[in-house]
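Below are two complexes that have chain A in common, paired first with chain B and then with chain C.
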Partner chain A sequence: MSGAGRWWWLMLVVAALLALSIVVGPAGLSWRAAIADVLTGHDSVPALVVLEIRLPRALLGAVVGAALGMAGAAMQGLLRNPLAEPGVLGVSACAALGAVIAFYSGLVQLLPAVLPVAAMLGALLGTVALFVWAGRGATVTTLLLVGVAINALAGAATAFGLALSPNPYAFYEVMFWLMGSLADRSLDHVALALPCVVLGAIPLLAMRRGLDALSLGEETALALGIVPSRVARWVGLGTALAVGGAVAVSGVIGFVGLMAPHAVRPFVGYRPGATMLASAGAGAALTLAADVAVRLLPTGRELQLGVMTALLGAPFLGWLALRHRAGRAGGAAWL
Partner chain B sequence: MCFDQLALTLAAPGQLVGVSDVARDPLLSPRWREARALPAVRMRIEEILGLRPDLVLLDAQAPAHVAALLRRAGVAVVALREAATFAEGLARLRDVAQALGRGDAGRTLADDLERQRAAIVGEPTARRPLAAVWQANGFTVGAGTMPDDLLRLAGWRNLAAERGMGAFAPLPLETLLRAAPDLLILDGASSERPSLAEALLAHRALRREFPGGRTLVLPPGQWLCAGPQNLDALRQLVAARRRIGGVP
Partner chain C sequence: MAVVARGLRLVLGRRVVLDGVDVAVADGAVTALVGANGAGKSTLLRLLAGIDAPDGGDVTLDDAPLRQFEPAARARQIAFLPQQAQPQWPICGRDVVSLGRLPHGAGFDRESPADTLAIDRAMTRTGTAAFAQRRIDRLSAGERARLLLARALATEAKVLLADEPTAALDPGYQLDAMTALRDEAGRGVAVAVALHDLALAARFCDRLVLMAAGRVVTAGTPAEVLQVDALRAAYGVAFELVAFGDLRLPVPVSRTARPGGGAPP
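And then the complex of A and B:
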């Protein structure tokens, strides 16, 4: 398959899943009427269901998934570590903590834009903590341990913050923030998340060449005129902005940033820069597919989206760890 | 909690020594002011015994060991079932009054409430418009509940009851829009602080489909529990029916 052909296939898959996401829902619709009303701008119930309920959900699936996929690929490229991912390493949980503080304190009621800004600040803090704490060239084990600590701390702080709210429903919303969901989101949420994700994608995409050069080693990168610390700063910032924007409206959806880069890496010649772009597409496809699945599963109440991605992603993480062990011969199975 | 309301209505001054802590919540409890003057207890037996009561009014659904322990401690226990209809509410009101030794006051109040109800509701109407209750997290209220009975008395059909959705069940936003009820009944905010559960009630799709005239905000305190406050809920529901769906 030619290089351009692969990109077309990826876009086709994302487009098909977007369409599928709009078709799936609890209310049966007469599609002829719905499409006619949408096109003529007639304010009917079918048009409202499509435009105000299903469209935002599908768009958010694509935007959030792309942000997570891109952020995962960027972190894996920068840290040269196949297990790096915003969810696993606690960046998403820090974003959720920022969003929770802003939302439940009532600040968001005064100004909606505070929500993604607080989430982005939280994600930035998480990224900085990860870089400072684990340091440059950390081993897989160190990085994961630091990530686990940040993740646990941010998750616990989120639950604690929610328990402090006097609102009786707040405490139970820890499920949304730590497991993620796209249920009942509206176009308002798309308007909040999309600009942040685009803003985060700009520095990430600008650092494509830098990441490619870094993959050859720091000396080679320096010889090519790339300053590694500069790449790290911009990639960290881009990751925080994209993840913050996504988590502010969807909660923590884990493992998408882990799986998406691995799914596309063989098709783009293992170059981190190209992986990032392709991983955005794969992340969108994965999130959309998981979000369709939670709506089709016969569970009493809709399953959280993060539960679905964890069901797929956690075994994948285990498989990666196994492969890593086999490659390094660092330990053998016990049983 | 519901029996707190009735006891606060009926008890003689100084007769009550404690109420449950939820009775002091201004958004759930119409008699929160009176409740705040009394010590609050949670469902902890130690706390209840600490108040040295002669009588405890207990929900029939409370764990069996609570009633058993209280009896062993020499406290009289009256276990009552929550009212699921207005008529049951009046019966419960008489029960609570009886238990408090104020049977006459209870009977007088119950008769008075029944008279007022008949006056508010009036003659049954031929056309019964459709109402849907939508609460935090997108839950709706179905058959076998006080809100369902009050809706029926006020001349409404209840969407959740017609679909056999159970007493307290999730109703997806899409399904709600497709059902196109004549009136949407929302909860008041349960706290001055926000929650996602309640933010859902301000979803753009709802704001567009149900402008102000087709919605009614009814705080849970007015129709969750049996009591005189049910008449306020009935008045509002009947007024909404006359305004929206009453014209044949």
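And then the complex of A and C:
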């Protein structure tokens, strides 16, 4: 297995999509001139568009996508369930609920920075609730069940909030936010999301060996001196931070956390720890590609990013499942 | 004595799974745990491996209480091969075996020369070197069982606990697996193995511990333990002893009682 070569390829793809994301946009400006202006420090309109509009958008795409991809791979590795993604443990749903509460309490109108903070608080509270509710030393199955319950509760509470919407304007604002977007973001958003994602990535990457040990089940992991409940706690914390940070600036972007791990797993020999890193790259690439696509498609009003990832992701997942079914007769759980 | 358990008691819900179990796993010997399904063999192995804590009694490793060990330190000393180790991802054969080096600080991408040596040795001893690059989901049940045994051997611990390592194997590989365990004992490892095959237990093990309903019925050499009366009491099955070389191996003949006390139909 030529491991190093594949990592270079992945980085190359992400870098190329980052560049593409900066070049592509509705302003129709000459990107050669714009980049020349940026490099020479010339304050032209094209330079401002690139620096103030497209660069933040591209960076956010990479950061948010990497966070979702890594968190998805961590969840799938932890729960050894190919359908897991941050949504399964209710992390995304709680982040969204936090944001909806911020919308309706009117705090967002007073201070826009409340929105991301509320989303992150939601993600953290959801994770804390998960571990308190599941109890000390909970098995992965218990965590999964409690996570599904929290997910359903948060989803119901969000829907309830929408139903009580005071006016159509607030309803639409929340609905669009829930569908996820990277449009009209600034470098402040990057500065907000990046530390959270990096902080979340630390415990996730530290649990690489723990996830590898779980490859043969919880009993073997225990025999290898790895305590699954401890792995679950750190992965939960890392996911809350990374996903909270991502949802806070981009809204809910589905499918990336589900797709990215499946896309890269065969290339890293199905090792759960390595899948996490590769999936961060794949998540960034997927999100950037989807974000370029929403700008290129002639849909009049720009499509929401979450809609695009679902449009791309659902067929992709279906194709993976079919290929998997053709490849083997046995009914194992992995794709 | 490497691993010694005294007065082990474990209660799950209202069921007493183990009650007053004393057992010792000696260095350089193979100890077999035998008994009917549900007698408590697997539970006892988990307690001896230190991955579960007993409700009463204690387990010591070289006279130090097992509960005082850090998980990784314990895992370096005691290798445990669970019965249902289900591969969760289709990782390749060598990766499966290399997991055995995890307690020594190795990872999939990080192997010391000592780790590499131990992995290669374990694969040679179990005849699994040919599966190194094959995906585990494309192996037969028997091939997989041997890889998992290699995983446990790769730890090169001083105690090896195996829960029915021969269950999925054909007779040839059953002999290979038992020989591999014997060889480990020959290197001074304290080996304990839960077995259903009494003939294998009699032929390959130094000591037998016969369990029934969470208690030890008898313990001793195979000749001492494999007595028709004790076996009938433990299994609810009438056995006949058949001469095999110097040994007398028990052959199950008919049911005398159902587990739970009913008479045979």
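Just so we're on the same page, the second predicted complex is superposed on the first by the 246 of 335 C-alpha atoms of A that agree within 3 Å, B and C clash if a C-alpha of one lies under 4 Å from a C-alpha of the other, contacts with A are read in each partner's own complex, and residues count from 1 in each chain.
In this section, a residue touches a chain if its C-beta (ideal position, glycine included) is under 8 Å from a C-beta of that chain, and two chains touch if they have at least 3 such contacts.
Keep in mind that this is a model prediction, so the values were computed, not measured.
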One more residue to check, A:Ile53. First (chain B), second (chain C), both or neither? first
Between chain B (first) and chain C (second), which does A:Leu187 come into contact with in this model arrangement: first, second, both, or neither? first
Examine A:Val45 and indicate which partner it touches, taking first as chain B and second as chain C; both and neither are also allowed. first
Identify the partner contact of A:Gly106: answer first if only chain B is touched, second if only chain C is, both if each is, neither if none is. first
Which partner does A:Ala170 contact after superposing on A: first (chain B), second (chain C), both, neither? first
Looking at the complex, which residues from chain A come into contact with chain C? 80, 208-209, 212-217, 219-220, 222-227, 265, 269-274, 328, 330, 332-334
Show which residues of chain C lie in contact with chain A when the two form their complex. 46, 49, 51, 70-76, 78-82, 84-92, 95-96, 99-100, 102-103, 107-109, 135, 137, 148, 151, 155
Residues of chain A touching chain B in their complex? 25-29, 43, 45, 48-49, 52-54, 103-106, 108-109, 165-170, 172-173, 176, 184, 186-188, 301
Chain B contacts chain A in the complex at 136-138, 170, 172-175, 177-178, 180, 190-198, 200, 203-205, 208-209
